[in-house]
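Structure, as structure tokens:
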Amino acid sequence: TLGRGDTSDGTVVQLAADSAANEAVDDINDALHDAGMPGDITVDVLPVSSDTAQQQYSQWLTAGLERPSLLRMDCGWTIPFILREQVANLDEELPDLASSVKENYFEASVSTATGPGGALHGVPLFSDFGLTLYRKDLVEDAGFDPSGWATGPRSWERFAEVVQEAQSGADTEYGYTFQAAVYEGLSCCTFNEWMASWGGSYFGARENLLRNVGERPVTVDAEPTVRAARMARSFLEGPDGESALDSIAGPLSPRAVLQWEEDSSLAAFTNGDAVAHRNWPYSVLEAGAEEAFGEDLGVMPMPFGVQPGEAEFDGMGGSVSALGGWHVTLNPNARHPEAAKEVLRAMSSDSFYLTLMELIGYVPPKPDLLDSREARDVDVVGRYVDTLKFAGEHALPRPSTVVWPIQSPRISQQVSSTLSGDRTPAAAMSELNGLLERIENNAVQEGS
Amino acid sequence: MGNVTLENLIKRYEDVTAVDDVSLDVRDGEFVTLVGPSGCGKSTTLEMIAGLTKPTSGTVTIAGREVTDLPPKDRGIAMVFQNIALFPHMDVHDNISFGLRLRDFDDDEIDRRVERAAGTVQMEGMLDRMPDELSGGQRQRVAIARAIVRDPEVFLMDEPLANLDAALRVHMRTELQRLHKELDATIVYVTHDQEEAMTMSNRLAVMNEGKVQQFARPLECYNQPANAFVAGFIGSPSMNFFDGEIDADGVRTGSFHVGFDPARFDLSPGREVTLGIRPEDLALPDGTDGLTDPTDPFPATVDVVEPVGDEVFVYFVLEGDGPEDELLVSAPPDPDLTEEMAGTSHDLRLDRACVHLFDAETGEAILHGLDGDADRGEATGPGDAAGATGSAGIEGTRETEPN
Amino acid sequence: MGNVTLENLIKRYEDVTAVDDVSLDVRDGEFVTLVGPSGCGKSTTLEMIAGLTKPTSGTVTIAGREVTDLPPKDRGIAMVFQNIALFPHMDVHDNISFGLRLRDFDDDEIDRRVERAAGTVQMEGMLDRMPDELSGGQRQRVAIARAIVRDPEVFLMDEPLANLDAALRVHMRTELQRLHKELDATIVYVTHDQEEAMTMSNRLAVMNEGKVQQFARPLECYNQPANAFVAGFIGSPSMNFFDGEIDADGVRTGSFHVGFDPARFDLSPGREVTLGIRPEDLALPDGTDGLTDPTDPFPATVDVVEPVGDEVFVYFVLEGDGPEDELLVSAPPDPDLTEEMAGTSHDLRLDRACVHLFDAETGEAILHGLDGDADRGEATGPGDAAGATGSAGIEGTRETEPN
Amino acid sequence: MATDDAGPYERWVADAIRNPGKAYRAMFVVAAGFFLLTTLFPLYWLVVLALTPEENMTDVGLLPNGFNPEAFVTVFETVPFHWYMLNSIVLGLVTTAIVLLLASIAGYVFGRLEFPGKVPLMLLLLAVSYFPPAAFLLPLFRLFTGNVSFLTLPGGTEVTSPVLFNTPGALVLPYSALFLPLSIFILTTFYGQIPDGLEKAARVEGTTRLGALFRVIMPLSAPGVATAGVLTFIAVYNEFFFGYLMTDGQAQNWAPVVWGILQFQGQYADLYNLMAAASIIGVVPVAILVVVAQERIVSGLTAGALKE
Amino acid sequence: MAAETGSTGVQRKSGVLAGLSRRIENLSDAAFAYLLLSPMLLLIGAIAFWPLFRTFTMSLHADALYGSQQFGPFVGLDNYVALLTGDIDAQLTRPFFDLDQPFRSALTVTFIFTIASVALETVIGFGQALVLDREFRGRRWVRVAIILPWAIPIVIQGMIFFLLFQPGVSFLVEPLQNLGVFSGTPTVNSVDSTIIIIIADVWKTSAFMALLILAGLQSVDRSLYDVARVEGASTIQRFRMVTLPIVAPTVIVAMLFRTIQSMRVYGLIETVSSCSTVPSLSCLVVTTFSARQYGTAAAVAFVTAAVIALFVTVYIVGYADTESEVF
């Protein structure tokens, strides 16, 4: 290999993660050693692109490769690996750690790393939640008082009103921006949040989301889902738009959102073109930086449609943040399993989570830790830990079962087609319902 | 040991038979020329000897070894191609030395040999020209140099001098002959040039339509052609032919009669024959006294007189009862032979010794040289004929009586 | 109106001057042949007439119009290329009809013309063969057909018959001459074949090293060559040359002396000359009585006797004080001339009327035909010389006295 | 004819009609200009992107919003980009060499020999390129990770395929196999057009049939060979599918340059300016290399090839 | 006798080698051909045909969404039947074939893309090649410029065109929308995206055509042009009657491969737009593949190949008519 070899002595544990982690590999090793990882172990980061990681892991694990020993997996697609028994069962490998995780971490996060039998297969590395960022200065200029918004979600009607007035007051280009390109983010998150906040659900009650494929009901044609779609039409077209929801003020959002993913939408916000914006915690770090909006950045939980009690499906309603974030799983064929376990242990220490929070802005997956002094002391993000904690507690995982990769594109297509006005929300959702049902049924046949 | 033996070689393309059962035995050190009309299969025969074209059937033996299945490089041959085929991406030096470099000769030896070969073809100054910077003749000379630089046992040359001017041809002919002697090489040569074929070869193979018509020494082909085709093909200008019929006391054509005793040659009256006589064997009216055995005179009108430097061609039209026969006489230059002669009528005579008879149907030669005097009947062959063609009976060899 | 005028044409490549100040005036309907040694610039001249090569300087005028800058297609020419260059992706029919199709002839007309042209070159049966299925001569015939099918005003032909056998050549020659007459076309022709050049052309342009050496009627080039180069180049076998020096009563070479009165031709003794005599103008010992004005005999030894069908070449070695001179005599076939003669010694004589003198330095002709008899001094030209070359003085035209 | 008062344009037109060469020249200039503009514009925009500071990545016009050439440096700071490039170049060269060798031989066979089964074989070869790369992936991955066993020895040990994952073999082999058909077809057409006479001459001079291929036919098809080489090299240089599945993406494991570029795809943020800078860095030297190489190959094959 | 054997400087190869080489030279054309092809066939066999065979067997099995097995039980041709009858359309990002939505079903999108891009590329590539075939100053740099797009990785090509048509980022979107050419969000509109992808493809791969055709042009025997000029052909006629037929085999090969490549378009779509906006056949393969529906993915791959084979047949039949060097 062109003379570039393994230079370190001692045990090297390879961790597949993103390039950001790769850049910070020295700090990460220091933090891990501080957190009790034995000195003769070092972690080597194998950067993988988040777009391709799932596919690659699947190949590697199927082929029984020994490296990487640890894999960073999106909470959105960890479960299929668990179901295929391609990642180690931590209840067996690290029982003490497993039980501590189950006890102390955000429930939503843990649920996406847990197998059907309840066994833990991954340690959450950080959690992500959908947040609403807004321009405190503009909102205040428009005569609203945002104090208390940090943990007190607004209703969608109220939110739209505030945004519209702030927009016309400040004459920004857009009011509310979010991600609605035809991609996973639309089905897992943007639309899921809207739908759940109106009490709707892809598959009925919350407990169905991660299990019972084929037996669970498909419920996207229910009224709350259609309502969520109509709300989005109001965002784009205003209350008078075709099949829009007249209670929602608008228009607030450019058609460009239909092409936007996280980064493109965030750019419009940080440029000062929008009043409010939906995004993940990393965006807080960027928009809240001193050279951006600093203290003028407000963050609040996602607005709600109906209260939890009024929700059509169990576990829905209220402010709902889509769950993101990543777990670390253990390769069952890992080259140095014991060392890898040591790394996992160190990774789940509070000090390590806090270091990540400082270094990269990763949100610790433990509510208690978010409450701590140390967390509040962290630059920028520290200001918003209350909101983060609230969102974490109201997080909703995507239904990432084995059929989710098949379902997700169909959902984003249908949602996009109705957002763009190609089809009415009712028609699109009812067709989607049919499609999802067929996929579920098919999966049952094949699974049997 | 560079003899080349072809046995029953046949080459068929989809719808053409290019070479049709050719057998030749070229002796070691012999210079054999293939001649024949365009498309008769000469190049194809050479290519089969070289191993470039696989015969449909038949065998090729070189130096006593059957090589029918051997690749060209193992046959110990060199070849000059009719289409020249210089490698366009190499300069003259590299073209000439190609074969040597393949054989890992050392550089000095290569340069020495290339110099010599280039000298032979008078291309010394142009060793680093590319082929497209050469004239047609220069290219051909490079192709010759490429073949001779290697000193193989057998040379195959396909019209190697076609693009060269007279002086260079003469020079190259001498050089090839020198080479032939010095190297003791076997050469199979294709040319359309009569003079080249006649002067250079030990033997000629006259081909037509894929078949060998005659394989013999050049003068034998000239004097005793095996059939009408060979007679007409060898010799330039071509032999004059007349349709004739044997009668009781000779042969009659549409325009004249040649008297002889058919019985002496076992010819029965009524047999249809073709009578042939070479232009240079005919004498003009005032030269007829030199003839040994002249026929009766017959009238002819001069059509065209064409001086060609060292010869003059006189075209006559014969008067007769059949379709108008033409007759060409070639004579040495003479100030009397001018174009003004056209239209004048003369009485011509033939020398019986120079007449060739062929079967009208098969074209096979019946006899070469007649003899009008039935009294001298006991001789099978004529005596000292004044012409160069004094021999009779196709199987007879040339007998020259001392004078 | 197809006259072609070249004025001071020069073509230089990086290091070679291929054509060096050529001026020619080819009259409408004339048949002009360019001859000259390989690489002398014939093809380059044709290409400049065709417009394929841009002259370095000079102008080309065709049919009265200056065309130096005109593309080939607007010059009204057809050309046969020396390298043949058939389109490999077209069959014979399409190759021949290429130019017609460009001119939107209708299909019937095209077929008619292609048939005729193919007939002329005897390629009727092969119209749908691809070029790589043809023999060398067949390809060349297609190339000729492609040129003649179009009836342009000017034909340029570069060695069009190089690959054809004698019979076909004769046929093609006749056809080209017929075409020449019928179409009244102007033809500029390149050939290395003497006979072709002599018989077909109205005028010859003899070139050497890019320059025109003589531009005159064929027999004038033969009989009164402008310089030693032309003398040596025209005529095959080539003229015999001897270095000589004028002395008081003639010219002396290393081996013999030709007596005449130098003063009569304004030649001062001591002048160095080259003496030339054609092989066919020399008579063998027993033929010397036919000479009109023989010189003193000089001894010579027969080296080689080479019969060539209709001629016999006899190579002599002369005895003398200088370096050994060689002499070639070409004689009509004769049964006495056999190879056994080699080594025998003979006394030779020259006919003074056939001697050519050239300046030793410049090569320019001094005079053609001597006259040994000082008494007949008043005559500028010789009388009736028996040879074909009976004329004296370079400016003199051939005078034939009636006999 | 142009008159004195005719405008320059009319004069030009009149001139062009008289002298069509001039019109062709003008057409040529216009065409060349058009091609240059259309091919270069997106590239120019790529440069603009590379120079635009990351935070200004909105409303990028014909000029960069701000000027930040640092991206070109950052590229090397963040990832060992030069190593990725080198990997790709090495992989490209090795693959190109293998492909040219095998395709030359096959091109010779298909272009110049007649034998039974020729057409079906060519069609079969062509069929390889009908399949999306994904169709090869699973079995190949198993093959290259030692998961395919050929036979079980009497002792019970299995002979398995070698582990090529993360080695150049895992890339060069599929690249060679998958890019072969194109080169074979290209070379078949080129070799088929070389006149027989030249091959014959070479064989008489003493080459074997293959010798004639390498000494005469290939040099004479130099433009075709060079083109096949360039197409293969660039295709390998840019190939991603196998590049990303047959290595783990680390520079020391032979990951190709596209991996390097994709390293700038973060979890949420695509660092467009860095990706743009990286691709310019990756592409320009290669394009120039390719052009220079092509001229060298052509002149090398045609002129100096045999001055050994 | 001065035969070669006696000459100085000749090195005889070792007997074994010489014998071998002679035996090889002696083989019949067919045996020789197969011998020469064997390394190539071995490579392709192991790296292409064997995996394809495995994939084909996979296509005869059901998908396995659960468990560690890659595919489920043997189902015969069920996957193919389901695909062609539309039974599994629900599981595909877009239907395999649906005439009601030509721009949204894989087969039609693939056809539209292929025909449009190959046609444009051929014309433009030919133009570029003709420009490059002439001698002029700076030709080398023009050639660099024309080759450059071909050297751009697909990800980057996709990024350029994605950003060029990204509202908010590019200066192009608004004017185009105002002109009514494109919608405001072209990369999520199927028709707009298809056009953009065609443009992007033409931009990049015309160079492929240009390079190949250029090589073809450069190997035309120049003396044929001389003949054509004397015969009276104008520039255009020379092109049509000499150049074109002689480079035709090269152009056909180039078009053939471009067609095959276009029929498999995937990466460009995924980077400029998305598989659900512009579904191509390969998109279906990749999306089902990444959803671990290996059986279905394999079946779609083979159907894709079959469709391409049909297309290719058109070329081969058409080409066989015009006489061939290739087949």
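Letters A, B, C, D and E name the chains as they come in the text, with residue numbers starting at 1 for each one.
The rule is simple: contacts are C-beta pairs under 8 Å (C-beta built on N, C-alpha and C of every residue); 3 or more make two chains touch, one makes a residue touch a chain.
The chain list, named the UniProt way, goes like this: B, C = ABC-type D-xylose/L-arabinose transporter; D = Carbohydrate ABC transporter permease; E = Sugar ABC transporter permease.
Computed from a predicted model, the values in this text were never measured in an experiment.
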{"item": "Fewest touching-chain hops separating chain B from chain D", "value": "1"}
{"item": "Path length in the contact graph (chain A to chain E, fewest steps)", "value": "1"}
{"item": "Shared chain contacts [chain B and chain E, defined touch]", "value": "C, D"}
{"item": "Chain-chain pair with the highest tally of contacting C-beta pairs", "value": "D-E"}
{"item": "From chain C, the most remote chain by mean C-alpha position", "value": "A"}
{"item": "Centroid distance [mean C-alpha coordinates] between chain D and chain A, Å", "value": "40"}
{"item": "Centroid spacing, where centroids are CA-atom means, of chain C and chain D in whole angstrom", "value": "58"}
{"item": "Geometric centre distance via CA averages, chain C-chain A, whole Å", "value": "97"}
{"item": "Multi-partner residues of chain B (each touching 2 or more other chains)", "value": "71, 73, 83, 103, 150"}
{"item": "Chain E: positions in contact with at least two other chains", "value": "25, 70, 168-169, 246"}
{"item": "Contacts with 2+ other chains: residues of chain D", "value": "57-58, 137, 193, 195, 208-209, 220, 262, 270"}
{"item": "Contact set on chain E toward chain D in their complex", "value": "21, 24-25, 29-30, 32-34, 36-37, 39-40, 43-44, 46-52, 54-55, 58, 70, 124, 127-128, 130-131, 134, 136, 140, 142-156, 159-161, 163-164, 168-171, 203, 206-208, 211-212, 214-216, 218-219, 235, 246, 249-250, 253, 256-257, 260-261, 263-264, 266-267, 281-282, 285-286, 289, 294, 297-298, 301-302, 304-305, 308-309, 312, 316, 325-327"}
{"item": "List of chain B residues in touch with chain C within their complex", "value": "13, 35-39, 42-44, 82-83, 133-138, 140-141, 158-159, 162-170, 192-195, 198-199, 218-219, 222, 232-238, 278-280, 306-310, 313, 330, 332-336, 338, 384-388, 390, 400, 403"}
{"item": "Parts of chain A lying in touch with chain E, wherever the complex brings them together", "value": "54-55, 58, 62, 80, 83-86, 181-183, 254-256, 258-260, 264, 267-268, 402-403, 405-406, 409-410, 412-413, 416, 420, 434-435, 438-439, 442-443, 446-447"}
{"item": "Of chain E, residues touching chain A in the complex", "value": "62-68, 70, 72, 88, 90-91, 93-94, 166-169, 184-185, 187-189, 274-277, 287-288, 290-293"}
{"item": "Residue ranges of chain D touching chain B (in the complex, touch as defined)", "value": "195, 197-198, 200-209, 211, 215-216, 219-220, 222, 301-303, 305-308"}
